[in-house]
Structure formats: C-alpha cells, structure tokens
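Take this structure, written in structure tokens, and hold onto it; I'll ask about it next.
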Amino acid sequence: MHIGLVGLGRMGANMRARLRGRGIDVTGMDRDPSVADVATLPELVRALGPGPRVVWVMVPSGEPTRAVVDELAGLLSSGDVVVEGGNSHYGDDRVHAEALARRGIGYVDVGVSGGVWGRENGYGLMAGGSEEHVALLMPVFDALRPDGPRDEGFVHAGGVGAGHYAKMVHNGIEYGLMQAYAEGFELLTAQDLVTDVTGTMKAWSRGTVVRSWLLDLLVAALEEDPELGTIDDFVEDSGEGRWTVDEAIDRAVPLPVISAALFARFASRQGASPAMKAVAALRQQFGGHATRPVPPG
Amino acid sequence: MHIGLVGLGRMGANMRARLRGRGIDVTGMDRDPSVADVATLPELVRALGPGPRVVWVMVPSGEPTRAVVDELAGLLSSGDVVVEGGNSHYGDDRVHAEALARRGIGYVDVGVSGGVWGRENGYGLMAGGSEEHVALLMPVFDALRPDGPRDEGFVHAGGVGAGHYAKMVHNGIEYGLMQAYAEGFELLTAQDLVTDVTGTMKAWSRGTVVRSWLLDLLVAALEEDPELGTIDDFVEDSGEGRWTVDEAIDRAVPLPVISAALFARFASRQGASPAMKAVAALRQQFGGHATRPVPPG
Amino acid sequence: MHIGLVGLGRMGANMRARLRGRGIDVTGMDRDPSVADVATLPELVRALGPGPRVVWVMVPSGEPTRAVVDELAGLLSSGDVVVEGGNSHYGDDRVHAEALARRGIGYVDVGVSGGVWGRENGYGLMAGGSEEHVALLMPVFDALRPDGPRDEGFVHAGGVGAGHYAKMVHNGIEYGLMQAYAEGFELLTAQDLVTDVTGTMKAWSRGTVVRSWLLDLLVAALEEDPELGTIDDFVEDSGEGRWTVDEAIDRAVPLPVISAALFARFASRQGASPAMKAVAALRQQFGGHATRPVPPG
Amino acid sequence: MHIGLVGLGRMGANMRARLRGRGIDVTGMDRDPSVADVATLPELVRALGPGPRVVWVMVPSGEPTRAVVDELAGLLSSGDVVVEGGNSHYGDDRVHAEALARRGIGYVDVGVSGGVWGRENGYGLMAGGSEEHVALLMPVFDALRPDGPRDEGFVHAGGVGAGHYAKMVHNGIEYGLMQAYAEGFELLTAQDLVTDVTGTMKAWSRGTVVRSWLLDLLVAALEEDPELGTIDDFVEDSGEGRWTVDEAIDRAVPLPVISAALFARFASRQGASPAMKAVAALRQQFGGHATRPVPPG
C-alpha cells in the first residue's frame, strides 16, 4: 500500500518511519525540504498514482489543517480518502468531511496517542468515518498500532468526528491521571517519613493498583532528577483538555477531577494570581488596618 | 456587670472598648503593660471581687489558651465562669470544660466574628455551654452583638464546643465566599469588554443577588487600588478552614467549594509547585526529547 | 419619559410596575392579553409616538430575543434605541447591535439582577453600549435601580456586550456563594454539637463576615422549613454559570470554586451517576470476585 | 523460612498461597477454623519454634490490629519481628513499634497493593522499619512481590510508618486515577458520536498515554456489562483516601484532584443532598414565589 503523509514534524516523521518499517510505502510532504520526499501537495498527489489515493494529514489543528484539506479537495478525485490524524476538534471534522464529500472524496478522522514512543511501541488509534473508508485504511492502521490484538490498540469509534471525540476524552482523562500522580508526588515531597520518594514510586511499577505507563514515565523522570530541580512548574495545555470540559458543560456532565487538573495548569502559568490578590485584599480589609470609614452595609 | 478580659490584642482591645461603651466594667489583662489594666491573672481575679466571676479569654488558640485556662482553674472558685472567645478547636473546649468542671467552674465557648469592624458594628456571636452559664453572660453578649434583634447577631448554638463549631463552619463558608468573588474578579480582569471593573463590582452593592458585606469590602479595596497592585497574592489560612474540611471528611460530607478555596490558599503560598513540576516532567517524557531508553511498560 | 417593554413575565411585569411607580410611562407588549397593554410590536412602536423611541426587550434569551430584535429592526427608525435586558450571551449582543446599527438604531444591553425582590428593592443594573445611548436611558435606569448612590446599583460597564458580560460573571459568583453556604449548612446538619442550625445561621445575619442577602434568604427558607424537607435536591442551572466557566477556559483563568458549584448542580440532577458506577465497577474488579481471567497487563 | 500469618481473609489467604508456592513455610491463624492452620496466637507462636520468629498481621486496621499486636507483645521474645501488612494509619505504627520495642521485639509496617490479583501477579510492597528487620524479611518480600526487578515491586521506604504512609499516598492517587477514567467514561456515555464506548476504551489498552492496569480492569467490567447496568453508583471509601487529604491539609499541600475524587464518593452515597436542597431553596427564595415579607438586608 502507498499513502501520502502531509506534515513531517516529530509525530509525522516517526509515523513515516514506523509505516515504512512495516511495509507501507509513504511519500512525505513537508515545508522543510530536509525531511520531505516532495515539496508540494500537487507533487504528493501525483506521486500516489491512480486512485483510490490516501493522504494522511498530520499538521497542527485549526487553520493549518483547514488549509491542507481545502487544497487537497481541489487535487484529489472521487474515491480518494483524506485522513486527518492531528488533534482537530471534532466539529472541524464535520466541516472537512462535508467539503470533501461534495467532490466524492472520503474523510476519516483519527485520534493518535503515544507521543514519541509510538514509533517503537505503536500508536493507539481511534478512527471516525464510514465502514468502507476504515476498511480501506486498515493496513495503515495495523502498521501504526501496537502489536497484539487489534482491538487493544485500535477502534472504529463511530462516524466522522468520533475519532477525534474519543481522542479528546482520552486527553481529558490524561490530564486527570497526570494530576493525580503529581499530587501524590507533592505530598511525598512534603513529609519526611518516606525517605526514598523515587524508590517508592518505582516500587509501584508492578503489582500495584496504580501501575501505568504514566507512572513509568514519572519514575523515569525522577531517576534522572529526583527533586525535579531542572523542571519548571509551568504547564501548557494543548486544547483537548479545554474542549473536554467545554463539552461536559454542554452536556451537563460533572467533571470535577478533569476540570481541577485543567485549572491547575492554568494556575501554574500565572505570575501573580489576581484572584488570590483579591482574597488577600479582603483579609486585609476585615482583619485589620482599620483606618478607613465603614463601607455601606 | 464586671468581667475580666485576658488578651488585649486588636480583637481584645476593641471588645473592651465596645463593652465599656455599653456599660460593662472590664478589667483587662495583657503581657503588654501599655494596654493592660492589670499585669497578671491573680491580680485580674482579685479585681473581680466575690463571685460569680466571669473571665473572658481572648488569646491565640492552642497552647496560649490552654495555659490561661489552666492557670484560671487554680485561681477561680466554684460558680465562676470562664469564657473562651478565641478561635479554639471545638475539641479543646471539651478538655477545658472538663478540667474546670472538676472545680465547679463553668465554661462557655464563644465564636466571635466581625474583625476590626466589630467595635463599631458589633460582633456576631455563637455560644456553646449550659443554659445557666449563657444566661449569666447575656448582658455581655448583648453589649458585644450588633444592634437589632438579638437572634440576628447571637445564638446559643448548643452545649460546650457548639460555639466554636459554629464559628468553624462560618469561617469555612467565608473561605468559599471570598474565593467566589475573587474568581469573578479575576475573570473580569482577564477580558476587555467590561472596561470598568471596580465600577461593575460596586454596582453590585445594592439590589443584586450577590450583595454582601464581603463585596463591600472588596469594592473598598478596589477603590483604593483598582489593580490590587500593592497586594501580594499570598494568602494565609488561619486553621478554621482546615478544621472545616477535616470535619467534613470525618463525617463524609462533600465540600468541593470550601476545599477548593482552601487549596487555592495553599497554592498561593508556594514558590514552585512540586505537583506542577511533576506534570511538566511527564509531558516532557511522553512528548519529546526521546533520547532515553523505553521505560518498562 | 415613555418606553415600550416587550415581555411581561414575572420580571417584566415587576419592572413595569416599578417604572410606573417612579414616573416612567410604559407601554407593555406580551402575547398574554391579560397582562399586555398592546398585542403586537407594530402597535407598541406606534404607541411610542415620534422618536427617539426606546424599546426594552425582556424575553427569554436565544431565539425569542433574536426574533423580537429582528422584528424591531424593521419597525424602528434611525435614532431609536433597543435595550436588551434579558439574559443574552454577550456574543449575541454584538450580532444584535450590528444588525440594528445598519439602520441607525442604537442598542444597549443591560444585565438586571434582583429577582422578584427587585420591584420593591430595586434592581442592580449593568449596562453596555455607547455613552450617548446610556445617557438617553438614564431616567429609566434611575427608576429601576435601588435607592441610594447611583454607583452602588448601576454601572455603565463598557461597550455593547459589557452589560451581559458583567451579569454573566455576577451569576457565576452567585453560584459559588450559594454553594459555599449550602456546604456549610450540610456540615451543620451532619453533626450534633450545634443543636440549633437555623438559629446559628440566623445569628450570622449581622456583624459577621459572612452576612449577605443570600444568607438572609437561606435563613428565611430555614425558618419556614428547618430541615428543608419540602425541597427537592434537584438544582437547575440557567446558562450564565456555564458561560462563565466556558469563558474562563477560553481565557485560561482558573475557576475551581465556580466550576465546582456548577458541577454540583449537574450532579444533583442525575439519577444514577455513570461515573460512580464506573468507580464502583473498578473497585469490584480489583477488590474481589476474582473468577475472571487476568486482564492483559 | 517459616512465618506466622494472622488473618486469612481474602487477602491473607491469597498471600499464604503465594508464599507457600514460592517456598516460604506459613502457619496461618484465623478465627475461622475452616481456613486456619492454628486457632490461637499462642499456638501460632509455638508453631514457629525458636526465634527469630516472624509474625505477619493481616487483620482489619484499628482495634483488631491493635488487639493482635498487644497479644503478640506478650507472646513473642526479644529478636522476634511483627509485620503489620494491613491498612493501618502510619500513626498507629509508631504506637505499635514503641510497645513492642519495650520488649525487644521488632516491627515493620508494609503497605500491600494488588487486590485479588496479587496471588497470581504478585503484590506491590512498601516497607517501613529498620534495615536489619527489613533484611530479615527479604525472602518473604521477594516471594510476595511480582517477578521482575526487585525495585519495581518493593521499596524500603523509610523508618517505621513509612510503608503505610507510602500506601496511603498510593491509595489517594488511586482515587484520583479511578475518578479520571470514570469522568471520561461518563462523558462518552452522554454523547452519541462515539458509538462504541467499550471498544474505544479497550483501544486505549496499548500504545496510548492513558494505558494502565486500572484501564484494563474498567474494560474488563465494560465487556461484561457495557452499560454497567448491574452496578450501583454507590462507592465506599476505605480510609486511606481520607487520610491522604487530612495529611495534605496538615502540610498545606493542595490536592484538588484527590479531594474531588473523595468527595464524589461521599456524594455517591447520599440519598438527598442537604447542600443541594439549600441551593434549591435559595433559588426559590430569590427567583419567585414572593409571598413572604422582604427579609432584612
């Protein structure tokens, strides 16, 4: 099988390597000529030969993805399929799919999880689209997903948008999991009875209820730097966490843990907190320094 | 009526002034001779004459209060009453009451709210103890509480400890209220559609659902310093908030808002957050920088 | 001054009464002829005579408001002003204002707080729009707002949308305040040291840090029904709370307390919680009943 | 090596089986004669022969554990070691250790994680105590822990109490992890784009960032009952979650996620929520039904 891959950043380049290693021909396009096989989308489409052609898009969500999809709509033909494997909002998928469908071009959205380890371990994949299009792509999915039973690393989650919806929820959960380990780590650093914090978390790697890949990663980080002294306590968020909470609010689903994890990231990026200034100001007002006139009551 | 008052810090001194202004004789004892009427507890007890004597204790909770109560146990007589008006934990009240009861000395715990404004506005009072002791103290309570119906500024909440229990819950609520206003303030400072933030919060002073004394205080603070530029975002907590959450955990009562307000204060006092360092470290591990060997998985 | 008022539900009817009692002529339109002065918008506009005409819209947000504004756009003339006093999202205000501006019609959005008590106490008002339009409406604002200094019950918060933005934040804060009192109430009901729960909360009415109008309302409810036995623990949310959290997420502002209050409302409306079923299922899986094969690990 | 094991409930019986299967002699004592090797502690101690004797206690925390430790103090001799493998609070460990140390008897506390799967998979172990005592017990620890490197399933976390402290934090983290997955599951059940919820969560089993043993267990539960229709949304908590939050409060460590998970469990067990009744009552007071007199304010 031969596919086109648009976007050869860290994720895209790793995916190309894994696909090629497992027998999928890949023509990669990127603006950076040092990594690209072809320089433009028209070249990419030509390289794929006669259809049905498959082009996997792996560029940042929002405007960049939209631009690539729009250009592909003009280059591809009926029966071809565009795969959006980035982190698009599921609402964008509907727009993309409709625009392509007008020309008979198929669309599949895929949530891809695994980070930089995916090249070696395989990627967890969640696909949204029609049975027919998913079936066409199955050799690609099988090459990308981890070894083992297919259903432990791949799902056809539903129609267009379902793949990114599933990935959005996956990432919301991820926020909560990370914060849970982080709070436990912080409590361990705040006491002096447990003297081997790294060793304690490492001992959770096997047999315990909390064992997980994220725990393994945290242990790896602690083994490099047990105090995390080289790490700044400033945490970005990438969009999916926000979308998860927005979505829950729309559906009246309580998400106390995932939202708390999201807000902890927001707070981590503030210099001074206006809210806590306000609380401090209130304490000053009622607790002392009483030279001002009584406010209206 | 004539009472002794131990502890003439800001609260104690203001209370002495209000009591004297409303016809209660007060002999005040403090280690600071510039504010004290007498220098020692034995002097204080002598000054009160024959019983039933009333000594109101207004010193920091914990060891200082314990020390005063212990000394008073040796100085007072059967029929006298000790009033603990500080911020003791309700569990300490039981200990104090039992120690005094062995000598026939009564004990009443009183939660006192109002801060520096109490001298002028009166103090909200929550008392715990026997009917008989509370009745004996009613002239003092009436002098301290705000003008208006007695039941809008005073309650005999229950037996020994009930006064401080009620005050503890009052303060837990206070944490939640302050944080709610603070979060709203922060959101207003983060946008540019509402250009008059101070004026907006001031316009909530009358007629609105959120009008309150705390709002009035926040408006007063904003009128002095609309950006709160002179205020540090570092917020102490005084114990009652922690006790409220501890108590809720013991009784399996969910307190999502009050606990969130408490944790926001803890976070405000941290330099770097170990938890957020851990989250940042995790993101680094799975998102890139992949030169290390695959962790066990 | 003479204005038109569209929508004579509980809020609108009370506002008409207050306005008339304070010297403003009001022609009210409603689909319910038993409360309406006129039956249609064309009649309403005719009744207002030559311009500048002012029409205050007080119908449900979303589609109903949109329909009224659209119809008014065709009936009013350059120099007239539409006031949107309902609970529209601030984003809708921009759309309304632009549509009306094309015909030279002005637009002011007003957040109105006070509930059923506003007729007697006055309404807290937050206005968004131009200086000129706000000035034209000032007699109406002065009639609606509480007695006392204007700036304690009214603000010109900013341009179009600022009034509803301010009201949105006001309501978000309101959610947090209500939940804080409610958590304190629940803790008081869960213990037996404080035997007079209603009396305790009533004693907070004067002098204390937590005194507020919401506290007064809660005390009024408890005096009618101290156990709240007649009240269902099912709490609606009206939109502004959700919008507040959505807005905070867009701006990366942490809102732990306001979001917790919103989620508590969501949870109150659930029958069985799918999330807690999942937690229960997990406990069952790892804690016992071990007849199934070991899952992949 | 030969040890005594007190308490042959599900955990104790499984541990005995694993130990025997790996070459450790175990004499088990339980009140239930159908599972016990011996019926009393004196018999157990006699069966162990000359010292140093090792008795592993695996009974419920609190009073039951205390009673066993007290009786063992009178039966064992200098040089023997008691191992407390239940879920005691770390504060109890200090009391136990001091009582035993007066007679020269050693004490090691061990946090044991793994649930019913431990018999087959091995148990994650966190030990607190002296180097000497831990070394003596190492053959037992090696038999109980999972296969693989020792430090991935065992840690000597610190002095007496450190094992249970580490287990407490482990369980606090566990609460947060479980709630994060549960919230994600609930959001998936609330929408209809992702049509295969079980399949989606199963596809996270390999390659994804959220893969973990808890996820595997949740998938196993969903494969049995995809709607969790047979599961009640009522979730117990076992003590360690509460202790974790109590401990964090004592140390001023913010735990927004772990506390939210704990509170969700509390809420799951309530019939009607007094807090939400209070919020509903407030909404009723300000929103309508305005037949009562205006409250003071």
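Labels for the chains are A, B, C and D, by order of writing; each one numbers its residues from 1.
By our rule, contacts are C-beta pairs under 8 Å (C-beta built on N, C-alpha and C of every residue); 3 or more make two chains touch, one makes a residue touch a chain.
It should be emphasised that the depicted structure is a prediction, and the values quoted were computed from it without experimental measurement.
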Interchain contact steps from chain B to chain C (minimum; 1 if touching): 1
Chain whose Cα centroid lies at the greatest distance from that of chain D: C
Selected interface, A-D versus C-D, where C-beta contact pairs are more numerous: A-D
Centre distance in Å when chain A and chain C are each reduced to the mean of their C-alpha atoms: 36
Between chain D and chain C, distance of the C-alpha-averaged centres to the nearest whole Å: 46
Inter-chain centre distance, chain A versus chain D - centres from mean C-alpha coordinates, in Å: 32
Residue list for chain C, restricted to those that touch at least two other chains: 115, 121, 148, 152, 179, 181, 183, 186, 190, 205, 209, 212-214, 252-256, 260, 263-264, 267, 275, 286, 296
Touch-based graph of the chains, sorted into line, ring, star, complete or other: complete
In the complex, chain C residues that touch chain B: 90, 113-115, 118, 121-126, 128, 145-146, 148, 151-159, 161-162, 165-166, 169-177, 179-181, 183-184, 186-188, 190-191, 193-196, 199-200, 202-215, 244, 247-248, 251-258, 260-261, 263-264
Interface residues, chain A side, partner chain B - complex: 10, 115-117, 120-121, 178-179, 181-183, 185-186, 189-190, 205, 213-214, 216-222, 224-225, 228, 231-236, 256, 260, 264-265, 267-268, 272-290, 292, 294-297
Chain C-facing residues of chain A, complex: 148, 152, 209, 237, 242, 245-246, 249-250, 252-256, 259-260, 262-264, 266-267, 269-270, 273, 275, 286, 296
